[in-house]
Amino acid sequence: MPERGYYGQFGGSFIPEILVATFDELIQAFEEAKADPGFWKAYETLMGSYSCRPTPLSYAENLTEHFGGARIYIKREDLNHTGAHKANNVMGQGLLVKRMGKSRVIAETGAGQHGVATATMAAKFGFDCTIYMGEVDVQRQRPNVFWMERLGATVVPVTEGTRILKDAINEAFRDWVTNMDDTHYALGTACGPHPFPEMVTWFQSIIGQEARGQVLKETGRLPTRVYACVGGGSNAMGVFSGFLDDDVELVGVEAGGRGLDTGAHAARLASRDASLGVAQGYKTYFLQDDDGQMRETHSVAAGLDYVGVSPILSHLKESGRVRFAAATDQEVVDALSLTIRKEGLIPALESAHGFVQAFKEAPELSRDDVILINQSGRGDKDIFTVADAFDDPNWRQFIRDKAEEYDAR
Amino acid sequence: MPERGYYGQFGGSFIPEILVATFDELIQAFEEAKADPGFWKAYETLMGSYSCRPTPLSYAENLTEHFGGARIYIKREDLNHTGAHKANNVMGQGLLVKRMGKSRVIAETGAGQHGVATATMAAKFGFDCTIYMGEVDVQRQRPNVFWMERLGATVVPVTEGTRILKDAINEAFRDWVTNMDDTHYALGTACGPHPFPEMVTWFQSIIGQEARGQVLKETGRLPTRVYACVGGGSNAMGVFSGFLDDDVELVGVEAGGRGLDTGAHAARLASRDASLGVAQGYKTYFLQDDDGQMRETHSVAAGLDYVGVSPILSHLKESGRVRFAAATDQEVVDALSLTIRKEGLIPALESAHGFVQAFKEAPELSRDDVILINQSGRGDKDIFTVADAFDDPNWRQFIRDKAEEYDAR
Amino acid sequence: MLAETLRARRQEREILLMTHIVMGYPSFDASLRVVEAMVEAGVEIMELQIPFSEPIADGPVILHANQGSLQAGSTVERCLTFGEEVARRFDIPFLLMSYYNILFKYGVEAFAQRMAEAGLAGAIVPDLPPEEAGDYLAAMAAHDLATVFIFSPNTSDERMARIAAVAQGLVYCVARKGVTGADTAFSDELDAYLARCRTATDLPLALGFGVKDRADVDFLRGRVDLAVIGTQTIRVMEEQGVDAIKPFIEGLRS
Amino acid sequence: MLAETLRARRQEREILLMTHIVMGYPSFDASLRVVEAMVEAGVEIMELQIPFSEPIADGPVILHANQGSLQAGSTVERCLTFGEEVARRFDIPFLLMSYYNILFKYGVEAFAQRMAEAGLAGAIVPDLPPEEAGDYLAAMAAHDLATVFIFSPNTSDERMARIAAVAQGLVYCVARKGVTGADTAFSDELDAYLARCRTATDLPLALGFGVKDRADVDFLRGRVDLAVIGTQTIRVMEEQGVDAIKPFIEGLRS
């Protein structure tokens, strides 16, 4: 029996018996791919020709001046095809699916970002594709649903449970349990049963590999600190991977929502509200009640609005290797606003969480210090959410006018 | 007196006397920059660290299979920061503005793409920024207005004339005539008075330079044909620049709108409806009436919806070096749809015009042939327009629901 | 002990019935009446599911019942009390069924102790494969509780043997891929699979997933020891009310 | 010839007035009544603008008048007929003003010939710098028409000389940066600029852009030969009607 994927006490593989053989097959395919240098090469080639890897490292000169402390560098995952780091994982899994000879992919999606990325991968590779998405998310993220449909994917609104991301994951597992023979479940983050946390991290490690080399080349030194937002943990693990063995402080930033003391947040590692549990196939910190029922979470950023967190990050938290913080919705909007104005960059609301903490700490550091922020995605894909976050009256009027125009048809 | 920028009988500099000195200064700065190898180097460095140049060349394997003719390659300008080739021109002009010591930039915008790019450049360089945009476009392109405002730009709705792109250009000139001392007008395409056609082409030539090397490296040969959409002509000139001296057929594709025989189009070079004229500071083919008054144009793609066209392209048409075709709105939506499904790529509606003609011609060619399409921008920035073009009822419902949600506040 | 009980019953009847309810759905009152009806209708053993917010292996009907129960306010404690109540009152074995997090949060040892005190016979935990089950196996063994595990059509022979080594009471054979509640085509194709199951263990075999009427049960006669009726009883209750359950169950074998 | 006419008038008056209308705005009838009023009020010369869809150098008021005229259906032909009509009827020189595309599409030579036949004195084409004006200069010269060019505050001395070499009739001095219609601060700062203009040419100098009332005209007395009233008469007409124009013009110098 293959390795079960534990990181300290976290991880594992808590799956229905019917899926065990499928996971065994996946683990084997993944192990073979890892052992085959040609596979990583093919992955890099694909990402270099279809997406735009290596993504640039941008020096945020104006923000650096503004805060007057450490030099701030930004890793530009927003420039990936489909607009976020999600593409890395998905295209990697696509190659693996081809290797396994399967013809269909399924995925969960919350914000829609991973759904669009998966539908894109499926179009490119010629796979059938079904995306599970909580009904609440289908309603609020219609633009992404529109694109998934154009890409040829079937988007299934999940009407059970809280009708958001975690329910979409459950539903994807239900599909997989039925269709595992020809279907691969392309999980979107470094969570879930083994080998997903490791596999997603592996594909995302391309971020950290590139970033390490780029920072060194650009500044002649390693960064003092690296910041990344943490939803499931894939972009954070991706960038952190490049620096785990270095004397570099790693900081994960979770969704503080309306504040850690309000309960309306999604901070598993930065708050005291989470506890160890087993759900969705793996063991980690979950936001759950005393009975073990999962709680509702809240974040302005749909992609961070999740009850669990990568078991690898739980382990790195426990071992002290990664420090965790939380950013509130309001702080996120402010940091986003500042970044747009000062640098002409539009981080995704998710990514902006990392910026918040970096901005808090940059002034404490000196000009000799370098900090690196992972801009996991671009915010212009989320105009509806961002416009609401900024509470823009002109936007509301535009939508009303548009609705009237449609009504008049 | 500096060169006046004629290409055959096209081009020139028909400007009010008050701007002559400003143009002289600009021409001089541009000539100096061109002569300074360090300038181009700085430009490349900026585009490599802030945007993601070189942009990839993607092999469209599925489309190639689908059409069964020439191998189809796609130059990925959609992966630029801000989502289109417009960034190349704008960042280049930004460097020039810095060199000239000015502190404010203005620009016209139609679709909003050039406006967002300019506002981004201004944020990055710390310039004040005013964007002129026809009132009609402000209404239909609100998302871009939203981002420009977030980027710190003042967006001025132009309420005169037909209230679209050409009127915004006039208005930008009116601003410039007043504020030329500290202000640069960052024109968005290879049109307008000298040196704009040449200067914009120069910055955009980075596309063709890269693409030529990439196609050669990838296929061991030059493309048989290169396709690009033509609004003002900047992305077309950009990619064509790389192949002007080669035995490569260059094809520019204009907006055929509802059809060339309906009058509702923007085909200056591919239709017989245009004639030689002088407006907005330069001489070229314009869609105008017998009195010389500009006509209304139409295209599903706002960025191609313009009365004039680059004087360099008019010249290349006259000399026979570039062939021109037109794509109708319906053909564009179909080509867009196919490209999304087959390749997971979402070209902008503008860019999709180039795809239409390439798709018409690919089957006539053999597998030995290589064709290159310039994907000038990404379509997901235009969800409102694209959703309308696809006539998606779910989208309309989403907007209605959203409007109700806002009404209920 | 559970295995013996079931074997004894099997002497009396060619096929046994195991039924399933989600405790607290739509209410604990209703659950009690359903258990009563089932026992009266002669079922030999029952699964009592403690609802979980993420029931990953369950199909829409049971999923919905999980949520309904939670929304109505059921807690783990209330479910355990209910289990104790029915175990004391009715003379058939009851299994608890839930996802591992429920046990884990409760404390696996404490959970097992509580089960034993309540007079329950054992448990089924569908997301707990034997590889992850060390603590659970120890605790259940310490309290003489049956650890029911699952075979599936794509469980290898080798793995079946390994599962059988830790299974207690009975083995639950999943009839097919998929979640609970979908139709299963009962055909001879099943035979090869069930033969493999039979070779792997001499525990009583229960077959579930999609058993819904008398024809299905007839088909299973001679092939397995127990037929599991899960989703279908919830459907009957939802569509025809609690009173319809007894005749439905009786009709499956009469 | 135009220069002589103007110089002669300048003997009689310390400052001449040049006024401007957009032909066909709001109607050709109105335009005719405005010309009449202006002539009666004693203006020495008038600019008649043929509207263009892209009047790049004009400010909002004149821009709006261009569009209003076009929307009301005015054509180049109608404007030329109007020009001919007023030139025959009133005994002052009339200049055509328009953007180059109007002349270019008509055919520059044909346009000049038509102007001459109509008895017009010359033209101002604000987007046609001398460098681009080869055909135009030839055609205008062939028909003895004045080619009015423009000086601006940032035109260099050297360039003024080059412009002066092809200018005919008068030189139009733009008072400041900006488009027509905005306020101009008439101050001594202008003097240095006007001195440069004066050095560059001995043609009559007209100063425009922002001249709006008697104080402005008074200021220009002795500094230039002509004050140009452009935007302000359109404003007066729009706000107070055609009848207000005559008293307005008369008030500028009385």
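Order as written gives the chain letters A, B, C and D; numbering starts at 1 within each chain.
One rule holds for everything that comes next: a contact is a pair of C-beta atoms (placed from the backbone, for glycine too) under 8 Å apart; a residue touches a chain by one contact, two chains touch by 3 or more.
Here the structure is a predicted model, which is why all the values come from computation and not from measurement.
Peer 1: Farthest chain from chain A, comparing Cα centres?
Peer 2: With centres defined by C-alpha atoms, farthest from chain A sits D.
Peer 1: As a quick test, compute the distance in whole Å between the mean CA positions of chain B and chain D.
Peer 2: Distance between chain centres, rounded to whole Å: 37 Å.
Peer 1: So how far apart, in whole Å, are chain C and chain D when each is placed at the average of its C-alpha atoms?
Peer 2: 97
Peer 1: Would you kindly tell me how far, in whole Å, the mean C-alpha position of chain B lies from that of chain A?
Peer 2: Centre separation, chain A to chain B: 33 Å.
Peer 1: Residues of chain B that contact two or more other chains, please.
Peer 2: Chain B, residues with two or more chain partners: not present.
Peer 1: Going by the touch rule set out above, which residues of chain D reach two or more other chains?
Peer 2: Not one residue of chain D touches more than one other chain, so the list is empty.
Peer 1: Graph of touching chains, which shape: line, ring, star, complete, other?
Peer 2: line
Peer 1: Of all residues in chain A, which touch chain B in the complex?
Peer 2: Against chain B, chain A makes touches at 48-52, 55-59, 62, 76, 79, 81, 83, 119-124, 126, 139, 142-143, 145-147, 150-152, 337, 340-346, 380-381, 383-384, 387, 390, 392, 394-396, 398-404, 406-407, 409.
Peer 1: Please name which positions on chain A make contact with chain C in the complex.
Peer 2: Contact set of chain A toward chain C: 1, 4, 12-18, 20-22, 160-161, 166, 170, 173-174, 177-181, 275-281, 286, 288, 290-294.
Peer 1: Flag every residue of chain C that touches chain A in the complex, lowest number first.
Peer 2: Chain C reaches chain A through residues 52-60, 63-64, 67, 70, 75-77, 99-102, 104-106, 126-129, 131-132, 149-156, 159, 163, 174, 177-179, 182.
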